[in-house]
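Both complexes shown next keep chain A, but they swap its partner, so chain B is in the first and chain C is in the second.
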Partner chain A sequence: MILKTFFKESKELLRDGRVRAAFAIVIILLGIAVWISARQYQNTNEQYLVAEAAEREVWDNQGEKNPHSASHYGTYAFKPKYPLSLMDQGVDKYMGASIFLESHKRNEAQFSAAADQTGLARFGDLTPDFILLFIIPLLIILLGYNSFTKEREMGTLTLLKSQGVRPWKWAVGKWLSLFFPIFMVTAILFLIAGILLSNLQDFGVFKWGSLLAMFIVYVGYYIIFINIILFISAKVEKSGIALVLSLSVWILACLAAPKAASNLAETKHPFPTRQEFAANISKDKQEGLNGHNPWSKESKLLEQKVLAEHGVDSIHQLPFNFDGYRMQKGEEHEAEIYFKHYNYLKEQYAQQSDVYKGLAVISPYLPTRFLSMAIAQTDYGTHWDFSDAAEEYRIATQKFLNDDFAQNSTYGDWSYQADSDFWKKLPQFEYEPPQLGSIIRSNASSIWILGVWIVLSFSIFLLTTKTI
Partner chain B sequence: MIITNNLTKQFGDFTAVDNLSLSVKEGEILCLLGANGAGKSTTINMLLGFLKPTSGAATINGLDVVKNELKTKEFITYIPENLMLYPTLTAIENLDYFSGIAGKKLSTETLIGFLREAGLQEDAFQKRISTFSKGMRQKVGIALALAKDTKVLLLDEPTSGLDPKASNEFGELLQKLKNKGVAVLMATHDLFRAKEVATHIGIMKNGKLRQQFVAEDISLPQLEKAYLDTMNHLEVMS
Partner chain C sequence: MFRYNFIYELKLLLRSRWIQLLSILLLLLFGFSTINGKSKVVKREVDISVAKQEVEETDKAMLKLLDSVEQGLEVSVPSWTIPSSPMAVGNYHPRVAAMDPQPMAFISTGQADLFTHYIKPTVSGDDFALNFTEMTSPVQLLFGSFDLAFVIVYLLPLLIIAFTYNVLSSEKEQGSLRLLASQPISLRKWVFQKLMLRFFWLSLLVTLSLVVVILVAGVQPLQWSGILILLGLALCYMLFWFALAFLVNIFVDSSAKNAVSLIMLWVVFVLLMPSVLNQVGNTLYPIPSRTLMINEMREHKAEATKRQDEILDNFLRDHPEYAINDSTQSRNFYHRYMASQKVVKEELKPIVDAYETQLQKQQSWAQKLQWISPTIVVQESLSQLAGTSTADYGNYRKQVMAFAGQWRAYLTTFLYNNTPFSQKDYLSLPQFNYQAAKSNSVFTSMLVLLLIAILLIGFGFAVQGKTQQKGILSN
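Our next item is the complex of A and B:
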C-alpha cells in the first residue's frame, strides 16, 4: 500500500503543471546559484593565493632591517575560502578576509566582501544556501499543502477509506511521495557541488564526508518541513486553509524566528560598541608595561627584576639587549589584554548562541543554519578560530623578532639590522580550520534539537493520520 | 452475507436508524427505498465502519463490522452517489491503485479485462478520469468490485443523475454481479430501477424498515402505491 500510494502520488505530482513549473524554477535557480558561487569561490581563492604569495614575497625581501621596525611594518594573515562555502557562505561576507599583523596591536579582520558592495547588497545574494534554506521549504509547501485536503475536497477519501486502508501506511506513502522529489533535487545539487569541488585544483581540501554531513542536515530539515506540512494538511478541512497555515509556519520558522532570535540575543547579551571595546583595551594597556617606554614605573620594575635575576647592576651587563627583552614583555602584556577582551566577546557570543539554540524549539531553521555554516566553515565560530590562530601567529612573530633583537644586539643599539635572509626563517602562517569531528562535537546541541524535531514532528504527523 | 440485527444509530436525540434488522444473502440485491433522512445512507455508513452503531450489530461475511473494521472492508466495494476518482490518473491507473491498496496485485491486462467487463468503452481505458462522465466513473467502480472479487456491494444512490441509458447499463452490471454471487445493498430513490434490479425491496422511514417485499411478488404500480402509502401513513402517524 505504501509503494502504491507513493507511485500514485508521484504520478499526480508529475502531471501537475504547477509542480513541474515550480521544479523547473527551483532547479534553474539552483543552477545559477551554484554557478555564481563557484565563480566567486574560484576568484576569491585565486586572489587569496596571489595575495598570500605576494605578501610573503614582500616579507621575505625586506632586506636588512631592524626587527622591531619589521614588526611595525607587519604582515597579513589571509583567511582562505573553504570548499563548502560554495554551498553556504555563512557570515564570511561580513567578516573580512585578512588580518593585518603588527606589534602591540591585535587587529580585526578587514576587507569583507560586504564592505565592497553598495547599499543594494541589502537585497541579498542568490546563493545555494538561500535556496536550500528558504526556497526548498516553499517547494515542499507547494507540493504537500493539499496532500490530504484534496482527498476530502475531491471526494476520494470516502472510496479510499472503504478499501480498508491502514491510515499509517497510506500516510507514509504520501510522505514518501513528497520526500522523494525533494531528496532527489537536494541530492543532485550536492552531487554537482561535490563533483565541481573535487575537480578544482589547489583550493583547499575538499572532503566528501563534510559534504555528506551537510546533505544529511538539509535532508533532516526537509523531513521536518514535510512532517509539518503534511500534519497541517491532515488536520484541516480545506486546501486554502492548509496553504495559509503552511505559509505561516514558513514565515515564522524561516523569517520571524531568526530575526527575533537576533534581536533577543543582542538585547540580552550585547556586544560592546567598537569605541567602548577600543577604549577598554586602551585603558588596560595604559595600566601595564609599554615596551616602548623605558621610563615608566612598570619598565623600571621589570628592569630591577631582571637585574636581580641575573645578579648584575646594569642593563648593559645583561647577556642580551634589554630593549628587545622589554619589547617582548610589553607584547606579552598587551597580548594578555587582548586575550581578556576578546574572551569577553567570545563569552557574549556563546551566550547569544544559547539564545538562538533556545529559540530553535520554535524553528528548525535555526539549528539547520548553525550546522550548515559550521560544516561549511563559514560560521562565526570558525572566524573566531581563524582570528585566534592569526593572533597566536602574531604573538609568535613578535617573539621571533624581539628575540632576534634581544640576542643579536646590545642595549641602546637601535641601529641593529637583521640580515636580509633572517625574514625567511619566520614560518609561514598556516591555519587549519576545525575538522568535521570537532565541528559535530561542538554543535552537538543543534544536532540533538534537529533530531528531536524530526522524531516529534513525524510521530505527531503519524498520530494525526489515525483520525482521518 | 450482510446481516444487521437491531442496528441503531442516534445523533443526540435524533434516531437516524432505529432497530434495523435485515439480511442480504449471496446473489441477492436489496434496494432500500426512502425519502431523504430515512436512514439509508446512515445504514451503509455503519456497514462501512464510517459510523459506529449506538446499539445493535452488523456483520459482513460473518464478521462484526465494528470489531473487524478493516477485515470486513476486504469483502466490500462501496459506490457512493458521486464516485470520485483521481482526475489526473487514467481509468486503468485508478483501478490499479484502488484494487492495489485493497490488497489485489493484478496485471494491466487483467485490469483492462475488468474495465471491459464493466462496460467501459475501450478508448476510455487510457484516458484521464477528468474527462469521464458520472456513468463512466460508476463503471470504473463496478470494475473495482470485479477486481476486488467483492462479496458485498454497497451502493448509495448510484443511479442518481444518470441518464436512462446509463442507468439501464448500470442495472445490467448489477445483474452480472448478482449472478456472480455478490450481495448488493443499494440505497435509492429510484423505484423503477429498484423494481428492475432488486431481488428484495425495503421501504425505510424515520430510521425504521417499514415494509419489505420480494421484488418478483410486486409490480411497479404496487410498489409505488406501497411506497406512497408508507410515507403518507407514517407522516399522519407521526
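Our next item is the complex of A and C:
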C-alpha cells in the first residue's frame, strides 16, 4: 500500500504542469546560484592569494628599519574563503576579510562587503543557501498542501476508507511521494557542488564529509517541513485554507521568527557601540602600563622590579635595551585588555545565541541556518576563531620585533635599525579553520533541537493520520 | 448595483469576521514592529546623548585646566595632554559628530544597524582610518529587523492575498456564479468593484491601526507629514497588490490555483526579484575589491613613508608624546608631524578616490535597478523617509569627513601661528551639525506605483482571457 500510494502520488505530481514548472524554476535558479557563487568564490580566492603574497613582499622588503617602526607600519591578515562557502555564504558579507595587525592595538576586521553595497543587498543574494533555506520549503508547500485535502474535495476519501486502507500506510506513501522529489533535487545539487568543488584546484581543503553533514542537515530541515505541511493538509477541510495556513507557518518560521529573534537578542544583550567599545579600552589602557610612557607610575614600578631582578642599579647596566623590554611588557598588558573586552563581546553573543535557540521552538529555520553556516565555516564562530588566530599572530609578531629591539640595541638608542634581512625571519601567518568534528561538538545544541523537531513533527503527523 | 455591492460586502466581511481578524492582526504587527523601531531609535538617541554628555564633562575639566595654565599654575596631567596645546585639544577633546535620528526613523531600520551614528574625529591619524560601520553581531545583520517596513513590504501583500484570492472563484465553487451572471453588471466590473471595496476597507483598517499604534507610541511634532507620506506609500503599494489580485481573479479559475498564482507572484516580487537584481548588479558591475585596494595603498604607503622620513624622524611619527615630553627634542614636533601626515594623505588620495568613484558607479547602477521591482521601490522609499537609506549614510560620511577637515584646519592654524589654545577660543571650536538630505523621490515612487497599478487594472479590462472567450459559465 505504501508503494502503491507513492507511485500514484508521484505520477500525479509528474503530470501536473505547475509542479513541473516549479521544479524547472527551482533547478534553473539553483544552477544560476551555484554558477555565480562558484565564480565569486574563485575570484575572491584569487584576490586573496594575490593580496597575501603582495603584503608579505611589502613586509619582507622594508629595508633597514627600527623594529618598532615596523610594528607600527604593521601587516595585514587576510581571511580566505572556504570551499563550502559556495553552498552557504553565511555572515561573510557582513564581516570584513582583512585585519590590520599593528602594535598596541587589536583591530577588527575591516571593510565588510555589505557596507559597500546599497540597501538592495539587504534583501539577500541569489545564493544556494537562499534557495535551500527559503525556496525549497516553499516548493514543499506547493507540492504538498492539497495532499490530503484533495481527497476530501474530490470525494475519494470515502472511497479510500471503504477499501480498508491502513491510514498510516497510506500516509507514509504520501509522505514518501513528497519526500522523494525533494530529496532528489537536494541530492543532485549537493552532488554537483561536490564535483565542482573537488575539481577546483589550490583553494582550501574540500572535504566530502562536511558536504555530507550539510546535506543531512538540509534533508532533516525538509523532513520537518514535509511533516508540518502534511499535518496541516490532513487536519484542514479545504485546499485554499491549507495553503494559506502552510504559508503562514513558512513566513513565521523563515521570515518573522529570525527577525523577531534578532530584535529580541539585541534589546536583551546589546553590543556596545563602536565608540563606547573604544572608549572602554582606552580607559583601561590609561590605568595600566603603557610601553611608550616611561614616566608613568607603572613604568617606574617595572623599572625597579627589573633592576632588582638583575641586581643592577641603573637601566643602562641591563644586558638588554630596557625600552624594548618595557615595550614588550606594555604590549602584553594591552593584549590582556583587548582579550578582556573582546571576550565581553563574545559573551554578549553567546547570550544572544541563547535567544536564537529559544526561538528555535517556533522555527526549525533557526537551527538549520546556524548549523549550515557553521559547517560551511561562514558563521560568526569561525570568524571569531580567525580573528583570535590573527590576534595570537599579532602578539607573537610584537614579541619577535620587541625582542630584537631589546637584544640588539642599548637603552635610549632609538636610532637602532634592524637588518633588511631581518623581516624575512618572521614566520608567515597560517590559519587552520575548525574541523568538522569540533564544529559539530560546538553546535551540538542546534543538532539536538533539529532532532527533536524531526521526531516530534513526525510522530504528531503519524498520530493524526489515524483520525482522518 | 454599487450600493448593493457595498452593503453586501460590508455585511459579508463583518459576518465572516474578516474585518475583526484583520484589525487584530494589523494592530499586532504594526504594534510589535513599531515598538522594535522605537526601541532602536531610543537606543540611538541615548548613545549619542551619553557621548555628548561625556564631551561636556571633559570640556569642563579642560576649561579648568586652561584656567590654571593661564594663571600660571602647576597642573598634574601628562604634559602632552595639556589643552593649551592646540593638538592636545584636537586629539584628546574631539567633538561628537552625530547623526541624529530623523522623526520617522522608527519605520525602517534600513542601514541603521550597519553604520555608526556618531564619530569623534581627531587631528592626528588619517581619515581613511575612520570606521563608519557599527559593532553589531553579523547574525543580526543577516536576519534583519522586524520593523514597520518589513510588515508593509513583506507581510501586508500576504494579508492582501489571503483577503482576495477567492473573490470570484468562491462564487463559482459555491454555485452562486450563475446568479451573479444574471445581474446587470459585467463580471469584470463586479470583481473590480468588489476588490476596490475590499481595498477601501483594508486601507481604512491599515490607516486606523497605524495611527492608533503611532499615537500610542508617541508622535513628535512635525511628524504628521511623514506619517501621511508613509500612509500614501503603503496605500499605493497595497493598490499594486490589489491590481495583481484583480488580474489573477479574472484570468485564473479555482481558488487554490488563484492562491498558488498569487503566492508565486509574491515570491517573485518580494524574494526573487530583489536577490536576482542584486546578483545581476554585482555580476555586471562588480564592487571593486577592498583587498586589492589595501594592497595598492600599502605599496604607496611604503613610498610615502620614505618621503615622510625626510620630514620627520620615523619613530617620533608614531609617538608624539615622546617628542613633547622629552626635553632634548625640539618643541615643534607637531609642525612636522602634521606636514608628514599631509604627505601620506596626498599620496593615498588618488587610490581612495578611484575606489570611491567605482563604488559610486556600482551603487548608482543598483539604485536604477530598483525601479524594476515595486517591492524595492517601497523598501527604499521607506528607508529614505526614515533617513536610514544608503544615501543618508553616504551623506553623513561626507559631512563627517568635511568636519574632520574643518577641525584639523581650525586647530593647525593655532599650531602654525604658535598661539596657545585659550579659554576664549573654546566657544569658537567647530561644531558638527548633521544636515539631513531632502529627497523627493518618495513622491516619484508613489506615482510609479500608482501608474503600475492602473496599467495592470487596465490590462485586466482590455484583454480577454481563456475563460472569457469560452464564457465564464462554461466548464
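As a convention for this text, the second predicted complex is superposed on the first by the 468 of 468 C-alpha atoms of A that agree within 3 Å, B and C clash if a C-alpha of one lies under 4 Å from a C-alpha of the other, contacts with A are read in each partner's own complex, and residues count from 1 in each chain.
Convention: contacts are C-beta pairs under 8 Å (C-beta built on N, C-alpha and C of every residue); 3 or more make two chains touch, one makes a residue touch a chain.
If you're wondering where the values come from, they're calculated on a predicted model, not measured in any experiment.
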So, A:Asp419: does it touch chain B (first), chain C (second), both, or neither? neither
Touch test for A:Glu64: chain B only (first), chain C only (second), both, or neither? neither
With the two structures laid over each other on chain A, which partner does A:Glu237 touch: chain B (first), chain C (second), both, or neither? neither
Based on the superposed arrangement, let me know which partner A:Ser162 touches: chain B (first), chain C (second), both, or neither? first
Touching A:Phe78 in the superposition: chain B (first), chain C (second), both, neither? second
Please indicate which partner A:Lys11 is in contact with in the superposed arrangement: first for chain B, second for chain C, both, or neither. first
Flag every residue of chain C that touches chain A in the complex, lowest number first. 32, 36, 39-40, 43, 47, 51, 54, 78, 110-111, 114-120, 131-146, 150, 154-155, 158, 162, 165-166, 255-257, 259-260, 263, 267, 271-272, 274-279, 281-283, 286-287, 289-292, 294-295, 298-299, 301-302, 305, 314-315, 317-319, 321-322, 325, 359, 363, 366-367, 369-370, 376, 379-380, 383, 389-390
Under the touch definition given earlier, write down the residues of chain B that touch chain A in their complex. 48, 50, 69-74, 76-78, 80, 82-89, 93, 97-98, 100-103, 154
Would you mind writing out the residues of chain A in touch with chain C in their complex? 18, 29, 36, 39, 43, 47-48, 50-51, 54-55, 58, 62, 65-66, 68-69, 72-73, 76, 78, 90-91, 93-95, 97-98, 108, 110-126, 130, 134-135, 138, 142, 145-146, 238-240, 243-244, 247, 251, 255-256, 258-263, 265-267, 270-277, 279, 292-293, 295, 345, 348-349, 352, 356, 380, 383, 414
Under the touch definition given earlier, write down the residues of chain A that touch chain B in their complex. 1, 4-5, 8, 11-12, 15-16, 154-156, 158-166, 170
